[in-house]
Amino acid sequence: MNEIGLLVQRLLDETTKTSVGLFVPELVLSGTIVAMLLCRILPLLWRVPAQWIALLGAFTAFAWTLCQFDQLVGGTLHATPIFTGLLMFDQFATFFRMFLCLFLILTITLTVLSGIPDREDAPDFYTLLLGATLGMMIMASANHLLMVFLGVEMASVPSYAMVGFLKGRKKSSEAALKYVVYGAGAAGVMLYGISLLAGLTGTGSLPEIGHRLSLIVSQGAGISDPIVRTIVLASLMVLVGLAFKLSVFPFHFWCPDVFEGAAAEVAGFLSVASKAGAFALLVRFGLAFSGGSAAVSEIAFALGIGIGVLAAATATFGNLSAYGQTNIKRMLAYSTIAHAGYMLMAVSALMVMKFSKHGGAESTAVTLSCIEGLIYYLFVYLFMNLGAFAIVALVRNQIFSEEIEDYNGLATQCPLLCFGMALCIFSLIGLPPMGGFFAKLVIFASVFKATSVHWAMWFVLGAGAINTVFGLFYYIRILKAMYLKPRPDGARKVSYDLMPVGLFVLMICLPTLGLGVLPARFAETFNNVASVLLTGR
Amino acid sequence: MFTAETLTSWIIFVPTIFAFFLVFFEKKAVEAMRVFALAGTVVTFFLSLALIGQFTVGDGGMQGKISVPWIASWNINYQLGYDGISLTLVVLSAFVFLVSMLASWGIEKHVKGYLILFLILETGVMGVFFALDFFLFYVFWEVMLLPMYFLIGVWGGPRREYAAIKFFLYTLAGGVLMLIALLMYYFGSATPEAMAITGHSGGSFDLLKLAEMAQRGDIFSPGLQVAGFILLFIGFAIKVPTFPFHTWLPDAHVEAPTPISMILAGVLLKLGGYGIIRIAFPLCPYGAQVAAYALVAIGVISIIYGAFAALAQTDFKRMVAYSSVSHMGYVLLGIAVWKISEVTGVAEGRDYWLMGMNGAMFQMIAHGVSSPGMFFMVGVIYDRVHHRDLNQFGGLSGLMPNYSGMAAVIFFAGLGLPGLCGFIGEVFVVLSAWNYSKTLAIVSAGGVILTAGYILWALQRVYLGPAYKGPHPEAITPMTSREQAIGWLLIVPCFVLGVYPNFVFNYTNDSLTKLVDTLDSGYQNTPKPNSVQTTQK
Amino acid sequence: MESLGNKLSTLLAIAWLLPLFGFVVEVFAMSWPNANRKSKAAAYFAIFCIGFGFVCSSIAFYEWGEGTDWAAFKAVDHGHSEVANAAEHGEHAATGHDDHEHKAATHETPKRTVFSGTFYNLAQFGNLKLSLDYYIDSLTLAMFVMVTLIATCIHIFATGYMAEELVDDYVDHQVHTHDGGHFHRPGRFYKFFSYMSLFCFAMLGLVLAGNIFQVFIFWELVGICSYLLIGFYVERHSASTAANKAFIVNRVGDFGFIIGLMILWTSFGTFSFDDQHEVDGNVNKVTAGLFTMVRGHDGHLDRSSDGQTVLLKNEQDVNGEWHVRKESDPGRKTITYTLLIVAGLGVFGGCVGKSAQFPLQTWLPDAMEGPTPVSALVHSATMVAAGVYLAGRFYPMFVPEVLLTIAYVGCITAFVGATIAIVATDIKKVLAYSTISQLGYMMLGLGVGGWGAGLFHLVTHACFKSLMFLCSGSVIAGCHHEQEMTKMGGLLRKMPITALTMLVGVMAIAGLAIPGTSIAFSGYHSKDAILATALAYTKLNPIHFLLFLVPLLTAGITSFYMFRLWFYTFLGKPRDQHLHEHVHESPWEMTGPLLLLAVLAAGCAIGGEDGKLFKMLTFSEPVGVGQGVDGAAAHTVSLPGHAAIHASHSTAGSAALLAAFIGMSISYLVYGKGVINPADIKRQAASVHAFLANKWGFDDLYDVMFVKPAHVVAKFAAAIDKFVFDEILHTFVRMGIAVSKWDRKFDEGVIDGIVNLMGNSTYSLGISLRNVQTGKIRQYVTFIAVSVVTLFVLLFALYPKG
Amino acid sequence: MQPTPDKFLFISAVLFVCGVVCMTTKRNGIGILMGVELVLNAANLNFITFSRFTPLGLDGQVFSLFVIVLAAAEAAVALAIALNFYNNHLTIDVDRGDELHG
């Protein structure tokens, strides 16, 4: 009894003194959700617009994460597992939480400007939005298989609803249904994988999986060992859940349909935020294999190669499929698939370098640059992809169309929007001096380095390079429509307010340039994040 | 303020500064904007002249070097500098931009956008010539791509979209190859041996240091050098362009507006040659030597093939475009006539190679003057009668005597008439070729007949004869004073360079001598694959 | 004494550059918006420039004579004096324009006669140096005087001939506009004289050139002047076509020239004729020129023991003698004998083009489209003779095999040209073919070893041919631009001065003389010299007997057709009465030059081989020519020396004279007296006539052999671009459609965007990938399950073993 | 008979496969959601089994509790979406949702 009491006491101590304090941003978001729901209930507060509450909450959460990150970097705070090791509080997680909060702010601002949820629906919409973000933040800090599943589901379930938010639209409801069915299926598979993995290793804690696995596998168990096979299968099934979130080939099918059906704002949110969370999770899951025996490393190495091949396939598939599209949202959906492919290459290089037999000081440096590249890419991707979707949304409000051919000659009427779009597209293509280029360079560089470990990485690198050219074809079509084609007679006039809208567009799009011209500071920070994650320093 | 160290940056960024201020001009103030942009090019040109003043003749090395850390974690520096090779090309470019700006008065559509892009293009070009950091070089290289795409695509002729995309695609594909080479060298220079040269751990993008490593021979393996050379060469050959990478050129030239054609021919093609001299050769002396025969052959094929293709054209501008292919073939030929002794690996007839290099440089400068001139002359008549069918001209010498006289001089310069600039480059290159290969030298000498053929035939069809045969005869008016000024600006250097070639050689010879010696020793120091085998036996 | 070189080079440079100045001034004056088209100022200025050039040349000639104590005229044994000369080549140095000269330590006497130096450096790469040099010897001076004198005459003539251009509205009767009228344009008097000035500049530069590269530079420049002047009547399609033809055919020759240059440059490392002096600090560095390297001091060719390699003399000992370096010396230079032959043939190729030798002679007759003074200056007296001049200048580099080729080419040319001239009816065409034929003579003379003879003929021919062209110009002007001899006749009385001066020219070219006396026209002397050399040559090499017989026959033919021309034009009854009535004698500015040139044509060669002109020329004869070459030892042809040639003189002279008289007589019988009706002969030998009138079919042959194939190849090259590189992708698009059976309409905009092979194939792949995205949610879910299983299987199949 | 984990696992695997097959074959939206429930419960069964037989212990049971809760939430959202789909298409046959493809 006493022991249990002590245990409970320690648990409470740990929770209240450490964990909750570090968990404040998530709590703030939860509080905001509650506040918004309260507004609905209390007639007195009906007048308070939900978006401002949401913005306030998002800002607070962002500021808090920013402080946490600053303190982590400054050494005032230290990385520590929280909630008995269910979550991990470290630079990596905090960075992603900060990232997500920032993104949340930008998305809310965008929806305010484009007015996608009407007054009636606003509290519901922002509740879902904040809820999904909450789930993603948990994904980013997940340190336990339970949290993995929980995070994925918490991020997914509100997303399903958001996709179907345009209630009267056939496409929207279809998209939502597809998303929910596909998502639920993928989640089921993932959960089954988690159950097997947790059961076989006897633990749900990610950092322990490596050790536990090596206990099982090291006893001379070869490839034909059923347990090894089961472990690989289970890992694959877990990865399927993540692949669904990342829309990795061949688990990407939901993506174009859902993006086309959903509002551009939602699509933008899904394309960036859920990817960020999923990548954070993927890295953590991949690193869970570390610390094990050589045999475990070998499994992880094979998984890394497999991920690399999938990455190449994803990038290629995404780019090629985008060719024939006429709907810009659908095209951008394929584009996000392709970009997931590029980012996945970084994860692949990370796994390959981390788990190669010839590891050394140099390979550590490379793994650092893998994660650095991934984070950098995500960071740039935030701006360039959100920028593209935001402009699609803003233009849609004017011309009521998302077909590329309706963009013809737009540059003459709204030069600023088109300029922003051009910046985003150049960045998406990966042309210097845009941020997309530097991000791609870092990733390619790490893949290049990984080629010395396994020949298959040459294939991955080649695919990456050639896809840069492939991508040009369809991105340029948007530019071509906007700049080179004449505006047809009788087309709708486009007008927008320069002050909030124009400023917002510049605010999102100019960083794509800034991140390419002055990458040093960011690259350093990201490198620091990576090194804490990988080496604990 | 204007020391040699800062002048380089000024020259690069003055056009951008002017472009930035252009943003604030009233849309209607077309004339003011033109004058302002012209002022930008004039200032740049005078700054480049000031750079000549700072130049120390007789020093073959880099001068006015400046190096500021940019992305420290990658050892990327903002590193600029110039030697005789870049200096001459910078002055040429500044000049061509100035002249093209004058020729841009006829642009009526979206003047502001045009001028801004035009000036940004100049920044990109200057940056490429000054960059001594491979990464920086690459960034500027791609920066040029964007404005060029729009300049062709928005302000071009009927098939401008096709031409613009073709141009974009070819160049981007070349850029991707270059990017891979860039990574190869970055990681190739991360060896402990290389640290003695770089003075820091990790790879290097410093072109000078990379060249130094290549000269040492033992750092970059022969395999790396060959692979790197092929990648780099294709990347640059697309820009030159040489057979068989030339098909973007006729389309781009024909569709681009006149001033942009002038820049394409006068400046952008030179970047390819410059890249080969500055990067492809110094970084992979072994690869360059192994590929020398192929290069010379490609050069010769370009000469002959371009001339034949020009002979068959009926479109005046297309003919001029193909003449560029032919003329730029000499550049490649001159650069590559590197004959070695089979036994010792020492350059045989080094002076002839040096002469070829100088000839190639001169050919670039000369072509940079004559080819814009030719395009301008085509543009003058196109502006009047709006067609370019060679068979529908005639009799212009009677209708526009001054114009015809100027055109004749420019075309004779292209034909390689002594006393005009085209002669020196062509003849020097051809004279140097015999030392390398008799057969190829003879074939290249055959180019003189074909060149005379297509130019004279075109002159006859356009300028000679009794009467103009095509549409809009009423529109044929004498040259305006602005056009005459441009004509004179282009003609005078034709004469000056043709009579006093030391104008160029004074600056290039020392640098090229150094380059040739560096390459020579670089090749000798590189362990040859077969000699390694023999020692093993 | 030391400054003589500088003085000469300055004088000649003035003579050379003045016309350039004239050109520039005239061009600007022409472009001036308010230029007065009726002023003759341009002509006067041009005449001043070239006339002053003549004065300078004459002064230079005089100075040279004084400076050398008129050694040229005193010299008895050319071969001997030449050895002394050659030794002195080395001493003179003048780098750039500075007056700095270097005293040679040893040789003060005998006096120097050859002066060379550098105007300025074009470029220097390591040890390779390219510069603008000068090389002045008696040949240079003779050419300068000749060119400036004749050019002055022709300029003066042209002020009269071109006077009709002095209008604001010139009507070109040969050009018809599409509405049926004649073509109107402003007069182009200025333009004509500016081009002429430019040409003079280029031609003088060519003569003055001190290295073969510089020769090439001016070679091209005279070519472009020729192009401009032939195409002077730009409205006439025939004129512009002829101009193109002239330039392009010349470029074919230049193709050979460039190959020759490449070989020389690569093997010798220098282009300079003479040794080059360079001051490096206090050290006076001397590098061997081309001639020195090949021939050394005694004209001997050093060959390796197997005869395959020629050893080059590029080491100078303390006495100034040049030697071959030792085998171990890294500076030792050699060239294979074959390569030396090829180099010689290459340079000669350039001469073939420029001097309209077989097989590139076809451009010259067409070049008569230019105004007549142009034909006189450019296409008879100077530019076309530049080929011969170069062959003479470059003589030391030619080995006997090359000379043999030159001889045969000259021989064939002489014959072909002469035969075609028989049937030509256009007065200028006759003269043009005659020029071709005479140029062939000169080449023949050089080829058979008669260095002096060939160049002798060059000078005399320049005098009488320019005279004849000017006469024909006078006739044409008098006949209102009628050039067909079939419409002339009986002009003697209408234009006596023209007719008589023409007769002088005709007799000169026919080579008439009074047997037994030394009174002879200039043509006799020079032709006699050539034939004598040819005879001596065939004596030494009997197998090449044609080299004497054909020219002899040609001499007869020449006499025949030249008198035919004269009889046709000036004697008999007028064939076109209307034309005849309007004929008038030309004004004084045209007849004046005629008279002057007539005097020259008759008397410039007075004294023959003992005359001043010949002595003057042969004073510069390359070393060793005088001795001849005994080819038996080296299994090659032999060349006659002076003595052998001298022995053949009387025989050859009489034979030539005989042939000339026979030709003249037949001509008189047929055309003068009308004993035989030429029409009958034409009928009798219709096929021969057709063949000759068709110019031996060269034009058609070249058209089929070169022009058409070139266009076919060109079209092919363009088509490759259009149909291979660009079309590959379209094929791929089509294949993509067929393979994927995608029945959806292809979006035009999309296809536009996809431009190359890769683009298209990937595009079609991308399109077919859309098939995968069926939109069926159940299939998507199935994919999840299937993919997991597939990935699982694949992972194990490819699991890294070990 | 001593219960062994493999029997439970086998049953769970059968459940899983049934669930997947149900998801892929049913055209009715509700049917598909039932398939999802089967899959999730297969996993739950696994958790319980492992909780009983392996060091996973109570964690497994906590896992399954969370899963049940989440499944309920997910089902609620899914049903709402299905209802929305019905409102727009007047059917819940998922094959009728075919506007988005390509």
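Letters A, B, C and D mark the chains in the order given here, with residues in each chain numbered from 1 onward.
What we mean here is this: a contact is a pair of C-beta atoms (placed from the backbone, for glycine too) under 8 Å apart; a residue touches a chain by one contact, two chains touch by 3 or more.
Values in this document were obtained by computation on a predicted structure and should not be read as measured data.
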Sort out for me whether A-D or C-D is joined by the greater number of C-beta contact pairs.
A-D
Determine the chain that sits nearest the middle of the structure, using the mean of its CA atoms as its centre.
B
Per the C-alpha centroid definition, the whole-Å distance linking chain C and chain D comes out as 96
Separation of mean Cα positions, chain D and chain B [Å, integer]:
65
Distance from the mean Cα position of chain D to that of chain A, given in whole angstrom
25
Cα centroid separation, chain A vs chain B, in Å, comes to 43
Send over the residues of chain C in touch with two or more other chains.
753, 759, 770, 773, 775, 777, 781, 785
Residues of chain B engaged with two or more neighbouring chains:
161, 165, 169
Which positions in chain D are in touch with at least two other chains?
20, 23, 32, 94, 97, 99-102
Judged by the touch rule stated earlier, which pairs of chains are there in contact?
A-B, A-C, A-D, B-C, C-D
Report the residues of chain C in contact with chain A in the complex, numbered from low to high.
747, 749-750, 753-754, 758-759, 762-763, 765-767, 769-770, 772-773, 775, 777, 779-781, 783-785, 787-788, 791-792, 794-796, 798-801
Write out the stretch or stretches of chain A touching chain D in their complex.
145-146, 149-150, 153, 156-158, 160-161, 164, 167-171, 173-178, 180-181, 184-185, 187-189, 191-192, 194-196, 198-200, 202-204, 256-257, 260-261, 324-325, 330
For a test of understanding, state which residues of chain A touch chain C in their complex under the given definition.
177-178, 181-182, 185-186, 189, 223, 229, 232-233, 236-237, 240, 244, 250-251, 253-254, 256-257, 298, 301-303, 305-306, 310, 317, 319-324, 326, 405, 469-470, 473-474, 476-477, 480
In the complex, the residues of chain D that touch chain C are 20, 23-27, 32, 94-95, 97-102
If we count contacts the way the header does, which residues on chain C are in touch with chain D in the complex?
770, 773-778, 781-782, 785
